Amino acid sequence: MTSSHPTFAGVVPPVVTPLHPDGTVDHAGLEAVVEHLVGAGVHGLFALGSTGETAYLTNAERAAVARTVVSAAAGRVPVIAGAIELTAARVLDAARPLVDAGVDAVVVTPAIYAIQDRQETADHFRRIAAGLDVPLWAYDVPVRTHTKLPADLLVELALEGVLAGVKDSSGDDVGFRRLIAQNAAVGSPLRLLTGHEVVVDAMLLAGADGAVPGLANVDAAGYVRLWDAAQRGDWAAARAEQERLNALFEIVFAPVGRSGDAAGVGAFKAAMAAQGLLASTTMSAPIRALEGAVAQRVSDVVAAAGLGR
Amino acid sequence: MTSSHPTFAGVVPPVVTPLHPDGTVDHAGLEAVVEHLVGAGVHGLFALGSTGETAYLTNAERAAVARTVVSAAAGRVPVIAGAIELTAARVLDAARPLVDAGVDAVVVTPAIYAIQDRQETADHFRRIAAGLDVPLWAYDVPVRTHTKLPADLLVELALEGVLAGVKDSSGDDVGFRRLIAQNAAVGSPLRLLTGHEVVVDAMLLAGADGAVPGLANVDAAGYVRLWDAAQRGDWAAARAEQERLNALFEIVFAPVGRSGDAAGVGAFKAAMAAQGLLASTTMSAPIRALEGAVAQRVSDVVAAAGLGR
Amino acid sequence: MTSSHPTFAGVVPPVVTPLHPDGTVDHAGLEAVVEHLVGAGVHGLFALGSTGETAYLTNAERAAVARTVVSAAAGRVPVIAGAIELTAARVLDAARPLVDAGVDAVVVTPAIYAIQDRQETADHFRRIAAGLDVPLWAYDVPVRTHTKLPADLLVELALEGVLAGVKDSSGDDVGFRRLIAQNAAVGSPLRLLTGHEVVVDAMLLAGADGAVPGLANVDAAGYVRLWDAAQRGDWAAARAEQERLNALFEIVFAPVGRSGDAAGVGAFKAAMAAQGLLASTTMSAPIRALEGAVAQRVSDVVAAAGLGR
Amino acid sequence: MTSSHPTFAGVVPPVVTPLHPDGTVDHAGLEAVVEHLVGAGVHGLFALGSTGETAYLTNAERAAVARTVVSAAAGRVPVIAGAIELTAARVLDAARPLVDAGVDAVVVTPAIYAIQDRQETADHFRRIAAGLDVPLWAYDVPVRTHTKLPADLLVELALEGVLAGVKDSSGDDVGFRRLIAQNAAVGSPLRLLTGHEVVVDAMLLAGADGAVPGLANVDAAGYVRLWDAAQRGDWAAARAEQERLNALFEIVFAPVGRSGDAAGVGAFKAAMAAQGLLASTTMSAPIRALEGAVAQRVSDVVAAAGLGR
């Protein structure tokens, strides 16, 4: 990895992956989503994250998604892509096609299913970084990996040149604050993005370099305004924008009793469809799209936020 | 509970419980700690929290601690006290002596050891509130109770008049933000204090009514300055103060390999002793005080922060 | 503790605590339950366990229950009692009245709510043993304490004379098997009882000294027959008896959607009432007794097992 | 799936995957392991399980391992293979090459990393079964997947023809016993194998159809003797054999402080090397093989068991 690679900061939405009703990837729809996001002023794109249903896509589908996002972004903003797999060798098999597709960075989790200790986790990231030509980011998402990446390990790997950044979806604000401090203390080798869309104002105040807000698929312009307010130090405005966005985030609580994967991404897709940003709310099998009264309730919240079509 | 009860907001430190070397409570030392905190400008006192080693004190010791804190506070700031027990009937047995001692409010957790559902948890708080003459607060601390209190349940109990506030030590900033929003939407019946001392600036920005920072035992004046900056909307100053405090918080990471109870409260006691605020760093058996190199490292951090004696 | 204390082995039911409809302890009912169990041939009684709703009883109620069980047992079988509290000093406060009531042994968990390491857990048990005049047992129930007691620690404490036995409700058969082996390797200083009523045959084959089956409140004679079969090496008969009992155990799955505390003890109480062994199915507040269709379903299973009145 | 498929019962070892020192698969070594196991009388082979380091192998390596195991088994015993991947579509991509390699059945986990509910988990298995021409087994291993498969769901899917069997590595003997009973109640559509090598005697007594003991790589003959004893109802002999094997199992506790993946499979490989059954103890990167004093201790335990070369 070299310094010629673009860096990621600001609003970097995890791009949803539009699907046709038969479950195949809707590439034209994906291009439109990218165009909408870039047009709204976002600063980067995170393809193939959890919000992009990457866990459900085959390697062939993932590579195709990466190609579409990269070509649609057309160099206007950098693209980082998730290569989610069980262990290092499999991550590399999954990541190389993404690099071939032209993504600017790859983000990976610690080992999944495998049971590794700190030393092995460090070696996991080292092996992957050694096998890739683009910067490597760590994805800290214990709710899915059941492992929490320690702040000092992340900073140690940054100083080695292994890691370029962290997407923090740990839900552990105390740990994230400590990571920010430890990173700053050694010259900020890591870029630090929060994955929690409802506390972006607070995390920017705390020193985050940006956010990966799933809800930005629904209201990208709102997150850009929030970011701009924070950049100019207008924290009251940032907070007001955040609170407006948080009211909108209530869409993910509309699907009562549905699974985490169905409720979150399902609500984003339903809200995008309500705005005319998506042709179909289809989700990857076996996840069923939100329908009927639940989809209507999502649509109502969107309309109440002034975002309907 | 009536409106004549004082409310809690601002900086409300969880007061440490000084112990003599033989393990008995040092009441004179406790009076001195209270005097120091009130003198630094804190806005309330939280007696018998986890930081106060309440889990280790007998009911007789707890009542004595409550009496000392109340008499030392002398009405200058309100006092809230923890009544930590397994279930409702036992909580009431533990809480009544604290009310007799004159505390202004009582804070309790959901049931511990027992395995209850949402309905039973609601009834747990209802029974306790019905048996007490002072406002009841909920203490949300899943790392100890292994239960997360849902935001909508807390707000529902507030609207019923059962709960007056929440001390949130859940480490779940997303959930806390949602609680703030839901509470505000119904007229803010709950006072909401964060228990995480390293993100007070961010949580105040997010709308918290105050904080219960264990570290305020070590640097109460710093938290008061942070609060004042936030009150006047100077978030840059609040953040700078928070970052200074967070460097000080590194004392709790000095005791590598020690248990949670030993490392956290142990570091606070060692840091207070280094400042001359405590005569002994003794902790409740079977927890052993920090000693030797570890205590020295705590002392060094305190001195580096300009807080040594 | 001295060798004059009786040991515990065989079938040692955790005795339910009958309550009057107003929630107070029904001591006459408790005497009747004890009489029924002893008459069925059980080898010991475990008072004030989770099945005995000990988490919900005040210290005064606990002492009264211990007195009733001891006097009703009248020396025919030994009595062990649970002293469930947060930490060592509080455990001692809770345990001494039980010893005064005449119980033959006390069983305690590792610290609850407190966050202790291995050394502190060892000292927890050491302090409690030093403060009691009867043998101390460890209660390993991670589903409630969220701590798993390591086999080597238990054996170490046994060799020190701190622990006399273990009630294993860990649900970890691999760990229990290892505990059996490690205990046997040093001369079996510990008595080892399983708390899982549905695998008693298998655990006796594996080397357990007995069982603490909650379901024995419903069918004590069945467990005595199972024990007798195992003692004479008739494992086919033991298994057949176990399978019959397991069909009966389906009563705890009748209360779909109820909490752990409501479903388990609730089903035992409903099944006992269906047999005329209990006058009321009342449970400790805030737990509500099983009623209506659910209670009927429990009653049907009991009748199908030939245990109705 | 048709009735022409062989069924799995008895001793079905999860075959280790021998690696050359450079980390590539040692196919000649794998053939030798298979020959040794079949020669010892095992009743089936489980290729590409956790013990086979499947999480660390690429799809190409997995297919090659399946081909070697199938050809070495040469029809003498049936072969079942693990297809461990995140979600249904990816599982099918991973499983088809194994079926092409000639395995007799495929075993898969519930979704990993994804967050699915019961309905989605059922659909996950349904989609996979619909896409395969061989029987499908479920692998219940919550320590890795962080999901526990409910007994009634497994039986429901068996009655639909979706599942043919379950490998239970849940460590939940109570749940496994209930699964055995529910399966028996509907005509035993599922074959049920326990994955816990230290309680095989007890689980066979409880009604398991067999075991998948990782330790059988080290002492296959012992497990065959255990199985034979259980088959003839000689439970005392089964228990004695189990206890002998459990003493041997202490090898996995020799690597103190190592990760789960390093300690378990690492100890099996070291013990096989000590017997001359394996040329190299190399493990998949980033896991480092056991070495030095730890490997010697494993070797000593093996020798003490009379299994040295």
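Each chain carries a letter (A, B, C and D) given by its place in the written order, and its residues are counted from 1.
Assume contacts are C-beta pairs under 8 Å (C-beta built on N, C-alpha and C of every residue); 3 or more make two chains touch, one makes a residue touch a chain.
Keep in mind that this is a model prediction, so the values were computed, not measured.
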| item | value |
| --- | --- |
| Touching both chain A and chain B (chains) | none |
| Chain whose average C-alpha position is farthest from chain B's own | D |
| Angle (degrees, nearest 5) of the CA superposition of chain B onto chain D | 180 |
| Centre-of-Cα separation between chain C and chain A, whole angstrom | 49 |
| Averaged-CA centre spacing for the pair chain D and chain A, given as whole angstrom | 36 |
| Shared interface positions of chain C, touching two or more other chains | none |
| Which chain pairs touch, all of them | A-B, A-D, B-C, C-D |
| Parts of chain D lying in touch with chain A, wherever the complex brings them together | 55-59, 84-90, 93, 109, 111-117, 120, 123-124, 126-127, 143-146, 258-262, 284-288 |
| Residues on chain D engaged by chain C in the complex (per definition of touch) | 171-174, 177-178, 181, 196, 198-199, 201-203, 205-207, 233, 235-236, 239, 243, 246-247 |
